[in-house]
Amino acid sequence: MLQLKGISKNFGGLHVLQDVNFNVAQGSIFGLIGPNGAGKTTIINLITGLLRPSSGDIQFNGQDLTSVQPHQITKLGIARTFQNIRIFKEMTLLENVIVGMHDHLNYGIAGILLNLASFKSAEAKSKARALELLSWVRLDHKAHMLADNLSYGEQRKLEFARALATEPKLLLLDEPVAGMNPAEKTELMAEIVNIKQRGFTIFMIEHDMRFVMELCEKIAVLNFGKIIAEGPPAEIRSDPAVIEAYLGKEDEAWE
Amino acid sequence: MLEQQLINALSLGSVYALFALGFTLVFGVLGVINLSHGAIFMLGSYVALLLVNKFAMSLWMAMLLAMLVTGLVGLIVDFLVLRPLRKRNAPHLIPMIATIGVAIMITNIAQGVFGAENKRFPFGTIPEDSFTVGNLHLTAVQLAIVLISFALMIVLLAVMRRTQLGRALRAIAESPKAAYLLGINVEGLFFLTSFAAAALGGAAGVLVGLSFNAISPFMGQPMLHKGIAVIILGGMGDIRGAMIGGLFLGFAEVLSVAYLSSDFRDAVAFGLLFLILLVRPSGMFGKVLERKA
Amino acid sequence: ADIKIGVAEALTGPAAKYGVAIKNGFTLAADELNAKGGINGNKIVLVVEDEQGKKEEAINVFKKLIFQDKVLMVFGPTLSNSAFAADPIANASKTVVFGTSNTADGITNMGPFTFRNSVMEADVLPVTTRAAVKQFGIKKVAVLYGNDDAFTKSGYDVFKAALEQQKIAVTDTETYAKGDVDFKAQLTKIKATNPDAIICSCLAEEAANIILQTRSLGMKQPFVGGNGFNSPKLFEIAKDGADNTLMGSPWSAENPAAANKKFMADYKAKFGGDPDQFAAQAFDAMYIVAEALSKVKLSGSLEKDRLALRDALPAVKFDGATGKFAFRRAAPQGGKEGGYDAQQDAIVNIAKGGKFILLK
Amino acid sequence: MLEWWDGFWAIYSTVIFSIGINAMLALSIYLTLSCGLLSLANAAFMGIGAYAASMISMQTALPFPLALLAAAVMPALVALIIGIPTLRLSGVYLAMATLGFGEVVRVIVLNMEITGGPMGLNGIPLKTEWWHIVLILAATLYVLARLRRSKIGRAFEAIKQDETAARLMGVNVSAYKLLAFVLGAVIAGIAGGLNAHYTFTIGPGNYAFENAVDILTMAVFGGTSNLIGPIIGSTTLTLLPELMRYLKDFRLAANGLILILVVLYLPKGIWDPLRIRAFWERRALQKHAAKTTGNTGKAG
Amino acid sequence: MGVILQIKDLAVSYGHIEAVKGISLDLHEGEITALVGANGAGKSTSLLAVSGLLKPVAGQVVFGGKDLTRLAPHQIVQHGVVQVAEGRAILTTLTVRENLELGGYTRKDRPEMLKDLAWVFSLFPVLKTREDGLAGNLSGGEQQMLAIARALMAKPKVLLLDEPSMGLAPLMVQEIFRVLKEINQTGLTILLVEQNVRQALKIAQHGYVLENGKIVLADSGKNLLHNPKVIEAYLGA
């Protein structure tokens, strides 16, 4: 479904990514791990069109993404969350999620101005859907609060719900459980499995090994901008190069 | 003619730069477009004029006192207006609107007290003659303005780049919260900045008053327009930017008169500015730091 | 009953120097008239408003005077620029508006209720130019004017026509805008064309600065200007830098006529300073109106009285501080009836040692 | 009574008209602000609208509605042309570029013959009636209110808060910005057309820097979080100088002082729904507390 | 050892939302104290109040016998109570080195500072390689390291850490906890807010559990690690 072919990215003299290749299969959960500064977030930025690769190309369902505008990439069915949380702070949680449905509200200017039935029903539907999504992440009780009033972890969950609202085929998660405690992680894990079963494909970056290993079918390891290993969790876990560069002593790393 | 025009441009540009230095400093640190800077500039002129006229003070003494007075006014404005807004986390345009109020007040009071007409420093306050080399003319005040603005830029730059104070000011500029967590006396430095910027504005007022013989309650307004253009052209909050931007505007205006038409002087200057912004969307020295995703 | 007359002049703002002199002129005349028992026994009451030299304010003030204070007529505003904005209101409400300082072309084209005793540029500047040519032996001149003010622009247009007509070469034409303080770029350009004189259509504060900067560039050329130059302000700022400047005006301090002598003495006694052209014109204007009013039987109906005043005014002939005066009907324009201009001769003055004296 | 009213109307109709016009202008800048654009071009758009409409009224026999249409279309076209390159600028840089644009417009108008140069156009026929203003203002309010509650309004808001995030929600950011900019120009242009037809006179100086800042001030002063703020702001700031008139020389100082005080005490603008909501909630809580303490006798 | 910093009945509100409802907590000199709790429990709020960035509605923070509650934030730092805040508060427009130098803003001993600079560079070698680059260009994890390093530059007496391991790679997490233990052994008192509950409680002598703005459990780190309630709620059995 998603293919990265020979992707490189430079910032000035800094070679952040060098010849990165991998494929994410339809309906799978794919994990990308690697030390801090390896270039993981950069990859998500490339996929979503916020950055352009210095060379190589990215294909999504056979379509080349390298010259498509970010909002069109969203339309194609790719959504993401941000490592540094970027919610719309001065909107309510509900509004945050409804913004995510932007492309799916099919009414015209006449509908808006004349308050036509098409407008009303689309708005009502989107509201119901947004509340449903919020309930998935257990934030529905705060639906009418301003997003700014949420704690850090809650904001992450809101981002997650908002990303789902765009009805993506592929969901890119950048450290979705950073800042959550183990119990909350477990909850979210169940949620992700749930979502996967509904047919979503998931690509995630995460430093929490228990989370990654349990969820992902396939994991790639990025180190200094290069893929150093790729395979199923069991294989990655015991790969000496990965242990050396990233995992460290296993028992301590596991959480 | 070209040589003389270059001199004209240099001295006009320095006037703009001088005004813009204080203006950009406030923005750089407080993040506020202080629209009362023009009024404070005007006040500087009047205070010095008053001291020279009424107390027969020497010009340099008067200038120092004028800087002190305008600095204090800047401090008071900060204390009474900007600080409460900071405390209340006002949205970013609000402090600017408040400074419009301040500007209106100061201008109106100045008009009530000093009258609306143009005034000038008494004849002979400074040598009126110009230095003449061949066919080129430069007055003493013009020369002073050029030298002082360059000197100030260098001093300010050194402070900002090389000292712990400068680093602290830049830290505050980016995030007062982070600065607090580093143990920086944020409020204290806000006050210091407001004082210094206003004092610089006052000094600029004195020099410009001397240079153009047109001290009036409204003299700050056109200067403010130019000042805004200059600091944005240079990159908001950037000291070098204020200097280069000032010179740029000076040259753009003078050269457009010299080689195009004086009818279109401001249009050429602002049009150029418009074009430069299209090429460099955050001014000549402004940094764009896209928030990391 | 009292006769209420509106005075809308720039009492604050950059044109205040002119406006205050004008107000003083009115006050002096009105006080004199009232001391003599008023007009047919009716006292004149001046309702003075400050129009700040701004268009918008002039409009506001006119409305207030005409509709709220219900004055019989309005004097003002100070600047032609404001007159273009405000005079239509007076015309629309069929009220006389009387300018004592508006000299731009086209003022009286705004309607039949527009009057002025200020001699318009078109009548003065050609005379001034001719005198300048004779005085300095001018062959070529440079022109500088403010391009965003009705008066300075109109002055420029008249100068331009006069220069063309008198076949004087123009080496360079430059402009500036309101609020400018640095004219060196324009002046340097002018300097390079080496004119014999500089024609300048400017208001006094800018004029003073322009003169100073011209001198600081080492240029010695004399200036020729319009009535904008005619203000003590010029010398306060430019001092003897302004020497040899020529300026045309219907009034001169040296006019030995008794009416003028008395006016100058009374003015000095009342206000402590010397009067200028604008005070004199205002002073005369009040007498001109008084003259007209003395022929009108006031009915008490504002509407009728306003019309009656308008009908009585054109016939007035007067000899006052500014000399002999009569109205001259403005040519109708674009099918619109015009008002009345001043029929009066201009006198050319020259600046010497910090004041204007008659050019002999 | 009737006579009193006539007098009152004759003097104050301009002020009253101005309230409506300023409200439209404040709304026009509110619209661009609501999309995160600090554009100060609205004064210039107002000017373009004013000149376009006045020239039609003075030089042709076309009816007033057509003049107003021109006042809407001309600024819209210009906005479209300059919007495409400039709207990538953000914050004060956009403000500056749009101010620069305004300056260019001013100088062009100043130097053209057909616009009357520095004198501007004088004797523009009086065609604006009070109900024109009421009608158009109401229509503007209605359209803006509808937009606000739709996906367009939400897209604006999202762009304002985080452009990148909005983009990744599928919002075509540049298209929506252009939409806000052009709509703002249309509103300002119509306001200009209406304004010109009750003031007799327009000139190149009427649409410059100060006016741009005034418009912004009205909107921000009233509060930009919804449509009511700009209306309140423009009404207050239009009336204030009139009410202060009796202070004569120092009326502007009083004006400035009031501006500062209001801003100090209501830093989110006069009309801040959050503050108002919080106030009522607090009231309700207090009442509630009073009741419960009354019942249990415990101190709150 | 003695109590160096004492939080007494601290209550903090955002408008009328009570985020922290009267908590009391002691930091023992030279020890690590962990504060854990769910998202939104009020952990960050409490830390911000200790640092003076939020003004408490009630309660006190006492440091070495001195009441800090009424002091300005910078004065609290001058007393030696330094925080690594949530979201890192990196100065993105300054270089890495400038960030670190500002870390020592309250210090007067320049030569010592240079030594400490070398020390933090040895703790986080990546920072050394990016010394003159803008801090804003660092990756998330790199910024986290910079934030911790910067706080160490202040030579604090008490270090407040808000989720220091967030966003760090496993190897780096181990590294951070190792460093924390190490600097703690030099006598530094640490208050650690962590979602990485297991690791935190492992190195902490004392632990507190915060729920809905109230402290519901207080015990030694070890005991909490084995407390069934904690295991169920926070360790995800």
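Letters are used for the chains, namely A, B, C, D and E, taken in the order the chains are written, and counting of residues starts over at 1 for each.
Just so we're on the same page, contacts are C-beta pairs under 8 Å (C-beta built on N, C-alpha and C of every residue); 3 or more make two chains touch, one makes a residue touch a chain.
Fair warning: this is a prediction, and the values are worked out from it, not measured in the lab.
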Chain labels contacting chain C and also chain D: B
Contact-richer chain pair (by C-beta pairs counted) among B-C and D-E: B-C
Gap in Å, rounded to a whole number, between the CA centres of chain D and chain A: 40
Centre distance in Å when chain A and chain C are each reduced to the mean of their C-alpha atoms: 75
Interchain centroid distance [CA atoms averaged], chain A/chain E, Å: 29
CA centroid of chain B to CA centroid of chain E, Å: 42
Multi-partner residues of chain A (each touching 2 or more other chains): 41, 50, 82-84, 86
Per-residue multi-chain contacts in chain D, two or more chains: 110-111, 164, 249
Residue numbers of chain C (touch at least two other chains): 12, 147
Touching residues on chain B, where the partner in the complex is chain E: 164, 167-168, 170-171, 173-175, 177-178, 180-187, 287, 289, 292
Chain E residues touching chain B - in the complex, by the definition given at the top: 51-53, 72-74, 77-78, 82-83, 85, 89-94, 98, 101-103, 105-106, 134, 136-137, 140, 150, 154
Residues of chain C defined as touching chain D within the complex: 12, 50, 55, 59-60, 63-64, 66-68, 81, 84-85, 88-89, 92-93, 106, 110, 147-150, 153, 178
Touching residues (chain side chain A, partner chain E) in the complex: 11, 33-38, 41, 83-84, 149-154, 157, 175, 178-186, 207, 209, 245-249, 252-253, 255
Complex contact set, residues of chain D against chain A: 143, 146-147, 149-152, 154-155, 157-158, 161-162, 164-173, 274
